[in-house]
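In structure tokens below, several structures.
Next come two complexes built around chain A: one with chain B, the other with chain C.
And now, the complex of A and B:
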């Protein structure tokens, strides 16, 4: 800590930077937020790169390249609290959908070369697969309201709330007609962690699981058999499940077969 | 009361408070504020959320926090509310909630809202999910102010409280005296309704049967299908668990304590200090819910389930409450 402020760094691995963009976009709150923070590095806001010790490190993006791996390990050594922000950092992101495919084939089909010129690790890992993570905030992108709650808790030394209820809870509270019951849609609301206030179902669009599964809890087999009963084909459901959560153990198992 | 007088009845109710009634939204119904009698859908099957949402709010701020200085109660000004069109099951469910929230120590937030609410029931016919008759909650004998029994072209108005009595006293131009024929019609329609129930649950000894057959394979089969979404808890008119959390402002000086509906299908529901979870698996939670719903409220002697059918109708996995218990009875 310097004065009343906590020292923080915002670090980007492989991703679209959408989580940090969302933070920078909360213009009405930024001045108040930065009163509480001494920001030593912020990937999207400044090109300054320092390797300073910080109280809290916020990380977005998946561990995709050798550089990601090295940077991440250094960050972990240099921080007290490490927070993974967004689906890429928490689950490996949409790029992790390619888990299991041959890295050389991918390189060939995209860049037409067999050379691994950006030291691709061959898979897109979640931050927690590489280093110890203290707190995770899911979302694609994160909800800034949740980010602020987490930030305030970390500053106050309170353990942030770990959301463990699915999107259905927020859907019911808003009395949104269930897209599975009423229309037989392949909605992932039952197994996807809430916090979005059921934004998509509210607009009549089934949940595609961008916030990732309810950790350790999501009943993937139950979701699959429920949707098969509604007339969906197994591959259709698997394609939907893998989009944001290919590295969740029960979904990874389905992809192996 | 002739149906053509319903409009005047409604306008009189509006003078007593904000009227909320079932309103059609697509294929579903929801208790919503209504301004004109035409919006009211008295001929409805069930709303997604039960009337409990008016008394225990899904999400509400209960305390103001001043960091380092303490707490201040958030006291709500009582607002007169007329809840029009409750079915007998929902009225009985409110009695269960009353026994929980008004018993010592009384929940002041609940009490203020409940005391300011006029409850007007309406008769109904069961659909494929209703099993209130099995639970003994198909008849509301107390817990309401007025109850409208539909008799074709008119409503027979049953009085359930002294407040209800004084309401109809002021409506002598709208509500006439019932005739002998009205009572015959009421009897015949009630008998007809009683014979319409398709969902039957054997409730004698039910709490003991559910508890003693703890190891039944039935729980495993259904809890495998269950996706732990918590919908059954949220739509249940007697589910009464809530969670409490605190939120602090960016100035780090002020905040609020919030209470929100909880669900026993969520991991943290049974997570206690030290990290112990006394219902660690979905199977434990599934069985727990059926145990809870099959038991009897010792204060009212009403069952904790009123047979409204919401949990079955709104379950994405298509798990039917009565089918599960019938499987426990060995009937499936």
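And now, the complex of A and C:
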């Protein structure tokens, strides 16, 4: 630390940059928050780069290319605390939905070439699959409020707490009518970790699972059988389950292509 | 002496991009604007999924412009499904596109481009000297984002946008509040025009250019069924392949586009060049006054074009809200869709230019094939053209430091390729 400011870096791997952009989207608090930090790198917002050790490294994006892999390992060596932000860093992102498909076929189908020009690793990995991760904040994108809470805890040296209950709990708190029971929607609220205040159900849209499953507790089989009972097709439910969490063990098992 | 000029990571753009110029004496041998964003195969993720899931997935292509992706998707899907939407849905979609233009232009002008011109690494470092500018820029950005939150549930990757309409329609009082917020943000849009018209815009990148933009009809806007080319041609959006002629090149995950063998530009400058006559309100007066400065042959004037568009977008958004409130908002349910087989193509104007989406659906409404062509992909060949021109001219003048001018050229296009470390170096090969 220099003075009382913590030294932080924001590093992007493969993704849409939405987690960091969401931080820039807290326009009202931005100047105040950044006064607390000594930001050594944040390429989306600044051309300033200082290659040095940081107290906290925030990572967004999946580990997709050889470069991602090398950059990430170097960051881990140069930071005290490593925080994975957003679905890409925590679960591999929507691109990890393709896990199990042949890399050459993918290149052929989208870029019309079989050569691996982009040093694609063949799959899109979560950050924790490659290096030790201290904290993970889920979401696609992250919730800014949760980021601020985490940041304050890290600044204070307090161990942060993370949500361990599903989105359903937040629907109940906000008294949102259940989209599964009332409308038969393929809502993933029962298995998806809360923290978004049931944002999508509040807007009458079923949860698509962008925060990933409640780790170790999500009853994937139960969700699947409940939606099958409601008349949903198995393949469609599996597609939805896989979208943001294809690398979660109970969901990976369901692979049917 | 052969040397390579490398800007390894262009910062303050959305994504990972690099500039490489191979120089022999004062001749430019080769130019590459490399896009090495990791490949994510979004089009492939869509295959086999139902039409309903598409807008949520395509949003994830880009965090700055998830909205045009969503609107392009629902428009193309509705064409494939043979569904027509009503006036209110069309107006809400226009509002969503305007909201994205406001927040994206504010982000680019104030946070990404302005630091170049004022000599700072970033906007936050400018606060001491340019506090008012940064605050008004952020206020403008917030207005666009708040409008997005209201319409779609959040500023990034909204959740209400589906084929057949919005899952939730804002209330009249919420829209009224938004109109007030937009009125207050106008100062930031007007200031952007003042700033970018007073800053000296370098002319090292002048050369005749070709433009393309969506024909919005009679009112300046961001969607339509035809494409205008600055050659005077007009094509239905279904002809998009002919207009973009995509090729995958070894040094980039962005496919390169050419039309009749030539590169072209899309984005704010192209829209003003082709549709400027359709502007209304304060933006018209500004355009008239600034026309001598808005040199169409100089892509660097794209920033000024964005600023004029920001003014228009704020005014137009207020107008759309007024029209919606006048007519009375229906808190209506969405239009019902019966899955069927079909193909649909759409084009919308994202902040950075034309965005094409094309879907082929099977009889159960599942995606058989998806094709998405982004504005940055269309611009890459044009960016390379102007990097070459700039490098050649500056080398002839005996300039040694090319990195910043080349970055200025790239950043003027506001490329969106999803950012990273920043390192400028000149490698002398021999």
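Keep this in mind: the second predicted complex is superposed on the first by the 251 of 257 C-alpha atoms of A that agree within 3 Å, B and C clash if a C-alpha of one lies under 4 Å from a C-alpha of the other, contacts with A are read in each partner's own complex, and residues count from 1 in each chain.
Keep this in mind: contacts are C-beta pairs under 8 Å (C-beta built on N, C-alpha and C of every residue); 3 or more make two chains touch, one makes a residue touch a chain.
A quick note: this is a predicted structure, and the numbers were derived from the prediction, not measured.
Chain B and chain C, once both complexes are superposed via chain A, fit side by side. Looking at the shared chain after the overlay, A:155 reaches chain B, while chain C stays out of its contact range. Contacts of A:43 after superposition: chain C is touched, whereas chain B is not reached. Contact with neither chain B nor chain C is seen for A:228 once the two complexes are overlaid on the shared chain. Put simply, more of the residues of chain A are touched by C, taking chain B and chain C as the two choices.
By the touch criterion defined above, A:141 lies against chain C but remains apart from chain B after alignment on the C-alpha atoms of chain A. Shared-chain residue A:30: touches chain C; no touch with chain B.
Contact with chain C, but none with chain B, is seen for A:65 once the two complexes are overlaid on the shared chain. In the superposition on chain A, contact is made by A:12 with chain C only, not with chain B. The gap separating chain B from chain C in the superposed three-chain model is 14 Å, by closest C-alpha atoms. Within chain A, no residue touches chain B in one complex and chain C in the other.
Residues of chain A touching chain B in their complex: 29, 32-33, 36, 148-149, 152-153, 155-156, 161-162, 164-166, 168-169, 172-173, 175, 177-178, 180-182, 187, 189-191, 214, 216-219, 221-223, 225-226, 229. Within the complex formed with chain A, the chain C residues making contact are 9, 11-12, 14-16, 36-45, 48-50, 53, 56-57, 60-64, 66, 107, 111-112, 115, 121-125, 127, 134, 138-139, 141-142, 145, 152-157, 159-160, 162, 167-168, 248, 250-251, 253, 255, 418-423. Residues 25-28, 30, 48-49, 58-59, 224-231, 234-235, 245, 247-252, 261, 263, 266-268, 282, 313-318 of chain B are the ones that touch chain A when the two sit in their complex. For chain A in complex with chain C, the residues that touch the partner chain are 11-19, 21-22, 24-25, 27-28, 30-31, 34, 41-49, 61-62, 64-65, 67-68, 71, 93-95, 97-98, 101, 106-107, 109-113, 115, 117-118, 120, 124, 140-141, 199-200, 202-205, 208, 210, 235-236, 239-240, 243.
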